[in-house]
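Shared between the two complexes below is subunit A, which has subunit B as its partner in the first and subunit C in the second.
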Partner chain A sequence: MSVLRPLDKLPGLNTATILLVGTEDALLQQLADSMLREDCTSELRVHLANSLPLPSTVARPRIDLIVFVINLHSKHSLRKVEESLHHVDATFFLGKVSFLVTGAGRESHCSIHRNTVVKLAHTYRSPLLFCDLEIEDFRATMAQRLVRMLQICAGHVPGVSALSLLSLMRISENPSLEDL
Partner chain B sequence: DMQAAAEPADSGGDGGPPQVAGKDAARPEDRMTLLLRLRAQTKQQLLEYKSMIDANEEKTPEQIMQEKQIEAKIEELENEIEDVKIAFEIKKLALDSLLMDNMKQILNLNKLIMKSQQDTWDLEEKLLDVRKKRLQLKQASESKLLEIQTEKNKQKDDLENMENSEKIKTIQQNLQREIQITTVIQHMFQNLILGSKANWAEDSALKEIVLQLEKNLTTIQ
Partner chain C sequence: MDSYDAAESTPRQSASLKLKDYFIGTTPLQKRLESVRKQTSFVRTPPRRKIPQCSQQQEDVDPQKVAFLLHKQWTLYSLTPLYKFSYSNFKEYSKLLNAFIAAEKQKGLAVEVGDDFNIKVIFSTLLGMKGTQKDPEAFLVQILSKSQLPSEHREGKVLWTGWFCCIFGDSLLETVSEDFTCLPLFLANGAETNTAIIGTWFQKTFDCYFRPLAINAFNLSWMAAMWTACKMDRYMATTEFLWSVPCSPQSLDISYAIHPEDAKALWDSVHKTPGEVTQEEVDLFMDCLYSHFHRHFKIHLSATRLVRVSTSVAAAHTDGRIKILCHKYLIGVLAYLTELAVFQIE
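Showing the complex of A and B:
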């Protein structure tokens, strides 16, 4: 079983690569397009996958940030993400992994409880982002945010590392998380 | 399982039309900015790898810990990171304020220096003006003296000319003749009084006349 490790390859010059993992193909593609439309001084590369492990036949650059996309409407998406998490090396969770939850807007269609994903993110000590990917404006804003995160995780922002970003994001987390 | 959608987003230069190929065609200054940015990037990435190496050298605890213990340990470590960050920020603030003080002092000194230089400049200008004026006055006085000199010479010449003119000569001759005549008359009266054998010393009126006749009229010239 191949495991993704964050630093097993050398970085490409001025290149930042993000891996979006999720079962919602259309949403992932739209998010990828939004990200590529963003103004960025670094060269962005977006890879999409339904689940991990990734096929080893393909040569790919070093992955700087993994975003697991979970749709609250689909238990399948959560299950796939949980399975894929086993194929990620522990060192990735030092700021280079993030969870993105979509579909929270339509409460009636949600088959997964919000607390479930909150607990998941807490277990892996990674930031949890909420965004309704179907709405274009929210998607664009999230794309912007992801691009900034990606730049930091790729080491393109001097003085800010993935780990410091992680602790920064942790401060603004909901304090009720401690109760879990 | 993977959809290989590896689409490179573009941006090569700073604000120009996004083109990867354009990197080489960019102006020298854009290239410099790009190189500096890449340098900062590489530094940051190197730092990341270094810290990962350092972290891997740490001995991981051998005993199997309960999950709760692991969580507690993780929280403890996270708090440590926070404390170190805060201490660093405080240190940075202190250094910055020291730096700010020094910078302020330097600025003040610079202001003083500039002011002194400006004053020196003004004084030098004034000195130059005074020297110029002195030169002008000297020249003016020289020309005035020259004028006076020429005037004096002119007057002397005029005087000499006057003396040489004919009119003067005639008047002088007349004067001479009158003096001679008067001298003769003086002698005549003198001899009259002396010949009359009168005692002129006793009579104040006669005395006065005799003394007056003694006056040498040639000195009038």
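Showing the complex of A and C:
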């Protein structure tokens, strides 16, 4: 069970589970708290992990959305995310994976170039979100956005599926990205 | 292109030649807009292939003349182009700047008494500090203290030095019109108050803007790789890195010193294409250092912030301080710094 698959478990009734993967424990915890504070008709579950594969000893519900959190100040977070990506099944990348980049605001502390993460998101055909998770207001807005995405990925929004959301998000991106 | 379409509809018959040039053809303004437009797309900016300038340096840089630039700690600033600056007016600029400094000091901002009014400002050109022929000449500003004994020392003690240069600044030069002189890199050595006063004078006189140039960890690792790649006859200093670990209550600093020949050997094993440095090589070089450290100390240096890099060629700190140790690669080091300054201006 070392590879995460999107459809290998049955969904829970009205439950939506998100998995946040990243090395920045404090930021993930704060983001999780912001998400749980959101008003939502579905029952939210937030799982946090430093890296994949997840330990198989714990029983966990079906994961609807995986968000990989990369901190531009730390190359270690990028390496860990890259290693974790190998443990995710290819069918997950049909709209159920997203990359979240933090730390782009403080240019002087960045040790990763923005283009690197842009290329990574493009390679995996997944949306890339930028947010400074250390600032509370931005974090709250991003939490709202993630909750909406999670509801769609869990199938709780009639008429919109994860795949259609993915194509909608792709259109609004910079068209020159296709030339990468 | 909306502005261009609107321009087409204006009556061109009455337009003078100057106005026509504004709407048709590539004027500096058009070029500037084009470069700004390119900047907004994610694809244009690095990672890119770079040629280490260590292989192509100007032979006509006289080592005696630039010796005073070496082994000094310079604080870096980026400077927007200077408006209506002329190399022939140096005497006038010296007089004006002298008067300005005297006035500032008399305002009571600086409380020291004594040598304040016995200072002299000198502007001079620095020959040979350019990358290509198109680069504008570098020039130097020095504040000297006029010594009380006129017989002994004709030249007083240098209190403050600042110099402006532009090395391979092609991307900025082509977008700027003729009235402007592009010298995007400013280096200062001396008291901070003097830097502030001189900065204010330049900003008022030439309508430019100074900004401190910070060097982030990404660029510091590029510098480390490029300077390790430089061929040196003898190594004067160990290669040293300094990382800052962000942890409360106070940050921890990790210092890692390597014998310069070992660093060069590591670089040679990583380096593939001669004459070029690629992003992958830089990443691999730094990853080797990180994994070696991790093997011994179980600390992930990649999770910390690189703050200082010191090699036999030069030493750079993330706050924008640099010390150049080798005159052979002076132009190369300055070229990279100019690129960072231009990037910050744009």
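Quick note on the criterion: the second predicted complex is superposed on the first by the 179 of 180 C-alpha atoms of A that agree within 3 Å, B and C clash if a C-alpha of one lies under 4 Å from a C-alpha of the other, contacts with A are read in each partner's own complex, and residues count from 1 in each chain.
Going forward, a contact is a pair of C-beta atoms (placed from the backbone, for glycine too) under 8 Å apart; a residue touches a chain by one contact, two chains touch by 3 or more.
Treat the numbers as computed from the prediction; the structure is a model and nothing was measured.
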{"item": "Clash or fit (per the criteria above) of subunit B with subunit C on subunit A", "value": "fit"}
{"item": "Angle, in degrees and to the nearest 10, that opens at subunit A between the C-alpha centres of subunit B and subunit C", "value": "120"}
{"item": "Greater residue coverage of subunit A in the superposed arrangement, subunit B or subunit C", "value": "B"}
{"item": "Contacts of A:H86 with subunit B and subunit C, given as first, second, both or neither", "value": "neither"}
{"item": "First (subunit B), second (subunit C), both or neither touched by A:L48", "value": "first"}
{"item": "Contacts of A:K9 with subunit B and subunit C, given as first, second, both or neither", "value": "neither"}
{"item": "Which superposed partner A:V118 touches (first subunit B, second subunit C, both, neither)", "value": "second"}
{"item": "Partner chain(s) touched by A:C40 [first = subunit B, second = subunit C, both, neither]", "value": "first"}
{"item": "Closest approach of subunit C to subunit B (Cα atoms, Å)", "value": "16"}
{"item": "In the complex, subunit B residues that touch subunit A", "value": "1-11, 14, 20, 37-38, 40-41, 43-45, 47-49, 51-52, 74, 78, 81-82, 85"}
{"item": "Complex contacts: residues of subunit C adjacent to subunit A", "value": "41-43, 45-47, 214-218, 221, 279, 286, 290, 300, 302-306, 318"}
{"item": "Subunit B contact footprint on subunit A (complex, rising order)", "value": "7, 11, 13-14, 25, 29, 32, 35-51, 54-55, 58, 60, 91, 125, 154-159, 161-164, 167, 170"}
{"item": "Residue ranges of subunit A in contact with subunit C within the complex", "value": "23, 73-77, 79, 107-116, 118, 174, 176-177, 179-180"}
